[in-house]
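Take a look at these structures.
Next, two complexes with subunit A in common: one pairs it with subunit B, the other with subunit C.
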Partner chain A sequence: MQYSWFNRNLKWIYTLPAVFFVLLMMLFPIIYTVRISFYEWSMSATTPPAWVGLGNYIALFKDERFWHAVGSTFYFTVAALALEVILGVAIALLLSREFKGKNLVKTVFLLPMVATPVAMGLVWMLIYEPTIGVANMMLKSMGLSPLLWLASPNQVIPSLVIVDVWEWTPMIALIIMAGLATLPSDPYEAADVDGASAWTKFVAITLPLLRPTIIVAAMLRLIDVLKTFDIIYATTQGGPNFSSETLNLYGYVQGFQYFKLGSASSLLVVFFMLVMGLTLFMIWMRKRLEGAS
Partner chain B sequence: MKKSLKPWIGTGTTLIMAATFVAGCGSASNTTQETVKPSAAATAAATTAAGAKPFAGKTISLVTANHPWADAIKPLLPDFEKETGIKVNVESFFEDQLTQKLTVQFTSGSATPDVFMYRPLQEGKLFFKNGWVQPLDDYAKKDANYDFNDFSKSAIGSTTVDAKLAGIPIITEQEILYYRKDLLEKAGIAVPKTLDELQAAVKKLHDPKNEMYGFVARGQRSPLVTQVSSFLYSEGADFTNGDKATINTPEAVKAFTTYGTLLKDYAPPGVLNMSWPQAFGIFAQGKVAFLTDANSLYNNAIDPAKSQVADKVGFAVFPGGKAGSKPYSITSWGLAMNAKSGNKDATWAFIQWATSKDVVLKTQQKGNPGARTSVWDKPEGTTGFPAALVPIIKESAKAGVDHDRPTVISVGEARDAVGEIVQKLMTGETNIQPVADKANQALQTIMDKDKTK
Partner chain C sequence: MIKKKGQGKRFLQTLLTFLVLIVFAFPFVWMLLASFKTQAQILSTGQLFVFKPTFHNYVAVFKEYDFLKFIWNSFVVAFGSTLLSLILGLPAAYAIARHHLQKLGLLILVARIIPGITFLIPWFILFSKIHLVDTYTALILSHMLVGLPFIIWIMISFFEALPTEIEESALIDGCTHHQVFLRIIMPISGPGVITSSLLSFIFSWNNFMFSIILAGDKTKTLPIAVFNFMSYSEINWGALMAAACIITLPVLLIALVSQRYVVSGLAAGAVKG
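What follows is the complex of A and B.
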């Protein structure tokens, strides 16, 4: 008798530990963060957190540095994501062809993705060093004038985008390659019969069929790019003059350099909503696009 | 058969998981009990037999940064353990992780670590105000042999919060001028004694076409604040005066302008994103004539493994301004006691030993600049440093100021406010007074808010 009870509820029993874990390790911190965001607290053992209501949020929305960080976050995200998707698709198409040494090229190509981001950040810092770095040496050898890269308020985000593109394009390419492998071959045969050019085949067959894959890849990457922390912290710490300070970085500074736990939490709550909102929007877009096709 | 086995798998796994879970909890609570027990037993033992080893059987935990001082003290610990019977458990962390680890532990009210390395001017005030640090005034004056007055005044000033002793200095540093002996000699320039002479010399040696730059120092917003401080003091300014922020006074603006202009016009490109590793890096590449930074980093300039100009580097006392030469002379690292420590007397015994004259002599011989005047005055106390640097350290320590950043609780925020002025100068802002006024206002707001803490 009781065996059948277990049998019927096996799916709950098996998932219970995981559900419990998720609740404990993910939901609790989020709720706790929301709670702290209504307080002002420097982690003191002697003065308890002081209730400030929406004070942290109001201060945040009045804070120039916050809006600047929002701007930097979007600038960085849009630029990095666009380049990564375009390059990722292009590289996936290239690598899906048959050629000698394909597997070797594939492996080498995936290396940046598995490297430690902080270590890579330090290496890129050396590459970008204006006087002794490789980047300027290459520019000079091509007869171009050297750049300031990370040390210039205007060039710092593009420089970081290059690092991010270098590191994460392989991930997009990897997902797209998987998508390419599942494409049916009959539309291409039909196109061959009709005498379509390679470009027409790409635009009319490959891209539409790949669209769901591209959207999934872009969505996964979007969430990660928005949250980029490691390479920025390792190279510029948000400088010069806060030019590369994204929301995630500003949150860290508020929490662990200024010890303003309340403000940091309110910022992270806003940031969380932002990521959530964008993700939901992407999912909605995907559904609509799929419905249309 | 197969069907009847299936439910057992379910119950089995659930049981096993539940058992592991309970066991996990059990062992965790066991260990906490274990750490409490011996100390309680030791207290009992200590009260009954006040023998030669009053702390026999006690264990204290020490948390250090990954710092040469920690490397120097670790081999000496067995002596201490033999002498007192106290067992010392050591853990080491990188600087930033150290702050985070301590913050998290103290927030949760942990009784460990008993004693820890900390940066008095960066976190000292916050730690103290948060009630995490045990004031040491009574301990330090108890034993006459300890000779507390032997510590340099500015070093003690750095570790004092609200007239209470929050920690004992272990590492001190001063800002000095590094220069290229060969270049100065070739150009026939004397070592600059004043900031005006420095500017003239920098201008003369600046030759960017041949990748030779006049001057370098930290240009990153927050890191630069400590290094511009000596410019401020030497011009007769300071970050604050009593309850007032004073970074927009004429003296302060002059000092910021000197520093900012030197970096903007005579530093290598990219100085805006340089902290000390980059600044020393490019100086060691032989591309810069002058550098101002902490003397504790001298090895980066004169170690042949790191520097191409190792044998060509000279040291000088920080150049003087209107108020003479007034570099910072601070405690960069101190030892402090956890206010919640369960072994306060044993912990003090450790701090007293680690900062005693004998041990400071030993750690200082390994290149860790300590805070004890008597050790500096002994010839064997200075063997860990280049001979040319020793008189510079001694002189800088004499005239030095005991802080190198605004002495507020919210140091991080205050540093960013001050750094703004120099960064604006470096990015080409010429009308600096309004920028200074705005930064001053920001600093004042931070100070006013501190008072409510």
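What follows is the complex of A and C.
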């Protein structure tokens, strides 16, 4: 068959534009960020970047605010991820049975993840408002004392975790529901014959069979929780007193509020390696777990 | 006895389902209610659900701020970035799926893992130098880095699931690969294209981090406009909630009308893992 040059090289003609775009918009910025992390520069046209070697990194590791941001990032991530996975599995089990209005529930359930995060952040600000917010009204009506929510350094991260859990538990639940639909029915029939309780069936059959799905869902969520920006920046901008400032926010503030591009870049390189490292670790863990079972 | 226990269990399940429904719907209901309240009604805690509605907030949003322009900006950027991502992404996804170019697939996945903020400083420097800050071009290019990997990722699994027999017989009939893609594959790819482009549109519409840096007065998108509302000394909650309603409405409509596609898109990103 006679093939023209165009058709012989079609797979490269098809892929090159996309690959070129991704490399240009992704690889070039990463290299640039690494490079500028060895300089000190405030984007001034008159003062060129000054080489400081590892200076930015040394300063970063001595910076208390950085370590605080590391702590906040892990606190937020671990709390949100744990709650989302537990609630996601529970809700998936609850909704997996057939009942009237199932479609309505599933639709409502979908809305938090597609709704614009900034707008939702503002809605939660109104809910959390200490004097007029409905959150404190509910606490009072139950006879509990009101909280400061986003305005308190101690309560701000748990409050933001609630927002993230509200927004993203549906995604975990949807993935788990898809996984539940593929489970075989014979182990359950055998368990019924043995007279096993619902809890025993859940622990001995459902959970082990669902493990790969749960791990995938948690992995996907982990990658995104670490990078949470919109809801935090829209509601607190990292406050009060930097108490909700995660690495993503601190990098943003350093770069675009203080215009310390060198310091910000060194922080972003560390953040980048942290996210990549954790992701690779999760992939490795998943392979090991799957190999073991 | 057994029957009674079953009934109790069913009751508990219904109750819990109801609770889940209320918890997840509540912020939307609250946003909608507050958008029809005056500032005084919001500040008084006596009128939670029953109050005399006002449209003043919506009027104010459109009259006092250039909200139509923000809607237009958001639309242009979301539409533009999705369309360009489709043009670049569909052929790429097809080639990756048919020729098993796993390494390229991996590159696309990496783009989804890396924190977007890592790109932002170089983009800002570069776009400032070539005077692209505050242009649709800069916003569309940056939003494409979210949309394109997503579209490619969804479409790889879509194309892989298509049977290859039709393509093979078309090739035997003398079609070139390029013709096969355009005339045979594209017409049957509707569901995949709809799923991936709807989500790409939603991601761009919702984007905050890239736009807040790269947009300016001329190209300000809705999330930035709504966020800027807050910087005034006293928060006008009613107008803020009206603005929040306007910005979320199109996305919620997309999700409601094409629920099936959106769910499959969100799940597909996961199942492949």
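The definition used in the following text is that the second predicted complex is superposed on the first by the 281 of 293 C-alpha atoms of A that agree within 3 Å, B and C clash if a C-alpha of one lies under 4 Å from a C-alpha of the other, contacts with A are read in each partner's own complex, and residues count from 1 in each chain.
Keep in mind that, in the parts below, a residue touches a chain if its C-beta (ideal position, glycine included) is under 8 Å from a C-beta of that chain, and two chains touch if they have at least 3 such contacts.
Computed from a predicted structure; not experimentally measured.
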Pick one for A:44: touches subunit B only (first), subunit C only (second), both, or neither.
first
Scan A:240 for contacts with subunit B and subunit C and give back first, second, both or neither.
first
Partner chain(s) touched by A:89 [first = subunit B, second = subunit C, both, neither]:
neither
Given the touch rule stated above, what does A:257 touch, subunit B (first), subunit C (second), both, or neither?
first
Under the stated touch criterion, which partner chain does A:150 make contact with: subunit B (first), subunit C (second), both, or neither?
first
Using the superposition on chain A described above, determine whether A:17 touches subunit B (first), subunit C (second), both, or neither.
both
With the two complexes superposed on chain A, say which partner A:108 touches: subunit B (first), subunit C (second), both, or neither.
second
Which superposed partner A:6 touches (first subunit B, second subunit C, both, neither)
both
In the superposed arrangement, which partner chain does A:132 touch: subunit B (first), subunit C (second), both, or neither?
both
Per residue count on subunit A, the busier partner among subunit B and subunit C is C
On subunit A, what residues does subunit B touch that subunit C touches as well?
3-4, 6-7, 10, 13-14, 17, 43, 132, 256
Over in the complex, which subunit C residues touch subunit A? Could you list them?
13-14, 16-17, 20-21, 23-25, 27-28, 30-31, 34, 42-43, 45, 48, 88-89, 91-92, 94-96, 98-99, 101, 104, 107-108, 110-125, 128, 141-142, 144-145, 148-149, 152, 176-178, 181, 202, 205-206, 208-209, 213, 222-223, 226-227, 230, 237, 240-241, 243-244, 247-248, 251-252, 254-256, 259, 262-263, 266-267, 269-271, 273
Quick one: which bits of subunit A touch subunit B in the complex? Just the residue numbers, please.
2-4, 6-7, 10, 13-14, 17, 42-47, 129-132, 146, 148-153, 156, 236-237, 239-242, 253, 256-260
Residues of subunit B touching subunit A in their complex?
4, 6-7, 10-11, 13-14, 17, 99-100, 103, 106-107, 109, 126, 129-132, 211, 219-222, 268-274, 278, 282, 285, 287, 339, 409-410, 412-413, 420, 423-424, 427, 453
Listed in rising order, subunit A residues that touch subunit C in their complex are 3-4, 6-7, 10-15, 17-19, 21-23, 25-26, 28-30, 32-33, 36, 43, 91, 94-95, 97, 99, 104-120, 122-124, 126-127, 132, 134, 137, 166, 170-171, 174-175, 178, 216-217, 219-220, 223, 226-227, 229-230, 233-234, 248, 251-252, 255-256, 261, 264-265, 268-269, 271-272, 275-276, 279
